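Working notes, beginning with the structure itself.
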Amino acid sequence: MDTVLDTAFFVAWFEDAAKVIRLRREDLTRLDAAIGDADHGVNLDRGFTEVRKALADWPPASPVQVLVSAGTTLIRRVGGASGPLYGSAFRQMGKALEEPVTLARFAGAFEAGVVAVERLGKAAPGDKTMLDALVPASRALAQAVHEGLEPREAFERAARAAEEGTQATIPMRARKGRASYLGERSVGHEDPGAASSALIVASLVTVAGGMPDGMTDDVADGADGAGG
Amino acid sequence: MKKLINSADSVVGDALNGLAAAHPSLRVLGQVVYRASGPRAGKVGLVSGGGSGHEPLHAGFVGYGMLDAACPGEIFTSPVPDQIIEATRAVDGGAGVLHIVKNYTGDVLNFEMAAELCDDVEVASVLVDDDVAVQDSLYTAGRRGTGATLFVEKIAGALAEEGAPLAEVVRVAGEVDERSRSFGIALTSCTTPAAGEPTFDLPDDRVELGIGIHGEPGRNRAPMAPARELAGLAMEAVHGDLPLRGELLVMVNGMGGTPLLELYVVFAEVEAFVRGKGARVARSLVGNYVTSLDMQGFSVTVCRLDDELTRLWDAPVETPGLRWGR
Amino acid sequence: MKKLINSADSVVGDALNGLAAAHPSLRVLGQVVYRASGPRAGKVGLVSGGGSGHEPLHAGFVGYGMLDAACPGEIFTSPVPDQIIEATRAVDGGAGVLHIVKNYTGDVLNFEMAAELCDDVEVASVLVDDDVAVQDSLYTAGRRGTGATLFVEKIAGALAEEGAPLAEVVRVAGEVDERSRSFGIALTSCTTPAAGEPTFDLPDDRVELGIGIHGEPGRNRAPMAPARELAGLAMEAVHGDLPLRGELLVMVNGMGGTPLLELYVVFAEVEAFVRGKGARVARSLVGNYVTSLDMQGFSVTVCRLDDELTRLWDAPVETPGLRWGR
Amino acid sequence: MDTVLDTAFFVAWFEDAAKVIRLRREDLTRLDAAIGDADHGVNLDRGFTEVRKALADWPPASPVQVLVSAGTTLIRRVGGASGPLYGSAFRQMGKALEEPVTLARFAGAFEAGVVAVERLGKAAPGDKTMLDALVPASRALAQAVHEGLEPREAFERAARAAEEGTQATIPMRARKGRASYLGERSVGHEDPGAASSALIVASLVTVAGGMPDGMTDDVADGADGAGG
């Protein structure tokens, strides 16, 4: 029987992502200082903190609700380029998500989220943006589904792909976002949005790793503890 | 880093409180700055916004003859759609609302989202993209909006104040943008309150050419040089893109940390350059108008005037940052 | 040090060329800045001056409703008597001339010498000495003139514009000075073009309290603190000397290198302080008006208004640095 | 027979003082940075350069003319506190000077110049100003006249007194000029105006030292060379 990713799993995902972003806030901002305007870590930290608050204040009843609430909160609270982009990604992911959530359905929804980013930002892989982490992650997920892997392993593959995609942004010359203003000078720096995307995907691993095989609602607390 | 703030988190809100306290002509509600007098029936509403840290842009340009509302985001971060939606609805006097948007991915996306969600208001938008340091091509996010934003806000604001319909205001706003070009040079980086350290390091014998207004590094570096040469570099870049001709509106704008004395030195060189090209500075502004926190440096923005634009530039304006004629 | 100048020697002259080019309402002749419109018969002429580096003070305040002429000296160096004599003679409309002099040994001596040599013009002078950081005693050169200079120039200028006789203008100018107090705090030193290095060193965790406007060190240092505390320190110093009461004119002034955003943060605290004392900010200015080159920091100046002073403050003014009502 | 200080001697004095001030410009400005506004060296250099120019453009016919021209030029070109103070000192010195100039007459005129500074600046020795160099120098000159010394030795005494007076300003708390704003913090720093006064007095030694015993008009060129 397929593992089901329940509401608690999604809540735990955002909880963990929020913690990691808080921890890496200064690193992300420093990456943005090199080729942008030194606010990416601050922006995402503000947004994910609000996401946590929203999820606590209005406990969501379903995975779809988690994603839509998170996406809406990011749009409403982040601003900048990354707010609408991440916000739309999660909202579209939520809207595309069928419940109960199997890994295959998760992968499909994830791809819908990535497509939303592509549409909104009019960017493609190779432009040195978050898409250079998200697109490989999405492909890795699809491949894992194809291979019939368990969520944990699938997430590990996606996280690895996102991380590799992030590293691959270093030699790229930016064609979208603020970094594109630097022309050649954008070469040699890691894209902050790709870096934050890799962190968010990696949180899937943490949360899945903290979960016993048969995932249930009360597992979330454990995941939360593991991510803390 | 030393800054006159209470905390990095509260700086925008605290400054807005100060703005409201200092200017009874403004009202601040939910991180939107309005004219205290409210919308005027039949007048096109003008809304702009963008990251904070560029003061007096935009909030300092709310008032008679210019903006109806400004949406300040966090430092260097575009505002969120909620602010823009609220502002748009609040300033609509039945004649529609113009969004004046600086061309940055974040500003564009947030204003677009807001505009889509304001289906009860007729919304048009103009994209300001005057910075010749960025080539508009498939390989960039397009030219940045910098100093010309002030020109667009002033001139479109004057036309709106006269009661012109939205389509007319849109046309003139677009015309100002098309006729305007900017180029900026930094002597130092700036320090955002949240980062606490300069965004980039710039040695004492180097300047950063082709900067924007977010403390981002420029296209390249050059050796520090006398004001005449730096002004020449900036003006050549502008002139190379839009040949200087006829009557010009010229702004020599400080990036926030450069004293007025030096801006006048630069203006003298810019004016001589313009004369050298056979054009004329018909109107001018010298001061800190579109800033980048505490950055030292300047930008120069040129707009090729025609009779209509000159008349609208000269029209009365009454805002904290720009005021004449009343 | 990087500055937008051609050379340390030419900076004042170059900036004056820029000023003249930017403002057709001004005329610059022999290092004196005049209204282009010339003297008005029967109107008391107002002349001020002082070292350069404080822009827009004084040259930026020449125009309708304020000064008739400004005499800029070299950087932080008071003007020479020749400039003052020329200015005094040129602006005399037959009703006499008021010299507005900031209380510094150099300014006082040069204006005194000039006044003595202008025996063909009726000259009176007012000494501005508002800085509470300096105790007026046998042990000092007396209180410095800082921010209140702008208040005196504006209010006396408005009265002169109304055609009041010299004695009246002198009285009001003196009254403004008596009712005004200032206190300044620096976060950094400034760098003069000639010296090329900061006048003093200030560690990253310290501020300089009780600074003047010439980059001179203050009375003492204190740990860096949030805006609320720094504003409180300045306001306590002012309040301790002249209890805050009634309607106040308050200026939160930047020292030249501090962005407007931070000045609004300070203003919010100052306004709250004033309210806390049961007084009211009836009029205000927030911006870089009386500066110290590129110094970061602020000063606050408070004037206790009465009906006459409020009316004169509100009267139209049209200068590059201050403009309203026309 | 008394040595006569002729026009060339006075011209040479200002020539030498101008050179020394140019050389020490940054030192004087640095002293002023500590307790003033960092312009004293720049101010005096500007002024004495103009004095040299004026003396070259309108060659003075007498010692009185040298002093009055120098004083007037300083008043017209320096600004600040030191311009009127030094300017008035030299103008008053010139007006008080009887010709032909003996050492005794020079000392009397020098005192008149110092009195002009005292009157104008309303300061006294001990206030940490140029007077702390000038007053001791003037007294030393008077004493040297009393003892019947030759100019060169008299000037040496005056220069020593001025230098000692300058050093004595270090522990003083300023009561006049910009330094007085610093209160206690002015203690521990040498007064820039005293320092420049000591240099100007020292130039008398240089110029006198370059002259043979019986001073004549053509001696000045030698003095000029010695000071160069």
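Note that the chains are named A, B, C and D in the order they appear, and that numbering of residues resets to 1 at the start of each chain.
Quick note on the criterion: contacts are C-beta pairs under 8 Å (C-beta built on N, C-alpha and C of every residue); 3 or more make two chains touch, one makes a residue touch a chain.
Computed from a prediction, not measured in an experiment: that's the story for all the values here.
Asks: What shortest step count links chain A and chain C in the network of chain contacts?
Replies: So the least number of steps between the two chains is 2.
Asks: Out of curiosity, which chains are bumping into both chain B and chain D?
Replies: Correct list: C.
Asks: Return the chain whose centre of C-alpha atoms lies at maximal distance from the corresponding centre of chain A.
Replies: D
Asks: Using mean C-alpha positions as chain centres, tell me how far chain A is from chain B in Å, no decimals.
Replies: About 33 Å separates the centre of chain A from that of chain B.
Asks: State, to the nearest whole Å, the distance from the C-alpha centre of chain B to the C-alpha centre of chain C.
Replies: That pair's centroid distance is 29 Å.
Asks: With chain centres defined as C-alpha means, what is the inter-centre distance between chain A and chain D in Å?
Replies: For chain A versus chain D, the centre distance works out to 76 Å.
Asks: Hunt down the residues of chain C that sit against at least two other chains at once, touch-wise.
Replies: Residues of chain C never touch two or more of the other chains.
Asks: So that we know how the chains sit together, what is the shape of their touch graph: line, ring, star, complete or other?
Replies: Looks like a simple chain-to-chain line, open at both ends.
Asks: Can you work out from the touch definition every pair of chains that touches here?
Replies: Those chain pairs which touch are A-B, B-C, C-D.
Asks: For chain D, which residues count as touching chain C in their complex?
Replies: By the definition above, chain D touches chain C via 29-30, 33-39, 42-43, 46, 75-85, 120-121, 173, 175-178, 180-183, 185.
Asks: Sort out for me which residues of chain C touch chain B in the complex.
Replies: Its residues touching chain B are 1-7, 11-12, 14-19, 21-22, 52-53, 55-56, 60, 187-188, 204, 207, 224, 226-228, 230, 256-269, 271, 281, 284, 286, 288, 291, 293-294, 296-298, 318, 323-326.
Asks: Chain D touches which residues of chain C in the complex?
Replies: 51, 73-82, 104-106, 109-110, 113, 133-134, 138-141, 144, 192, 194-195, 199-200, 212, 214-220
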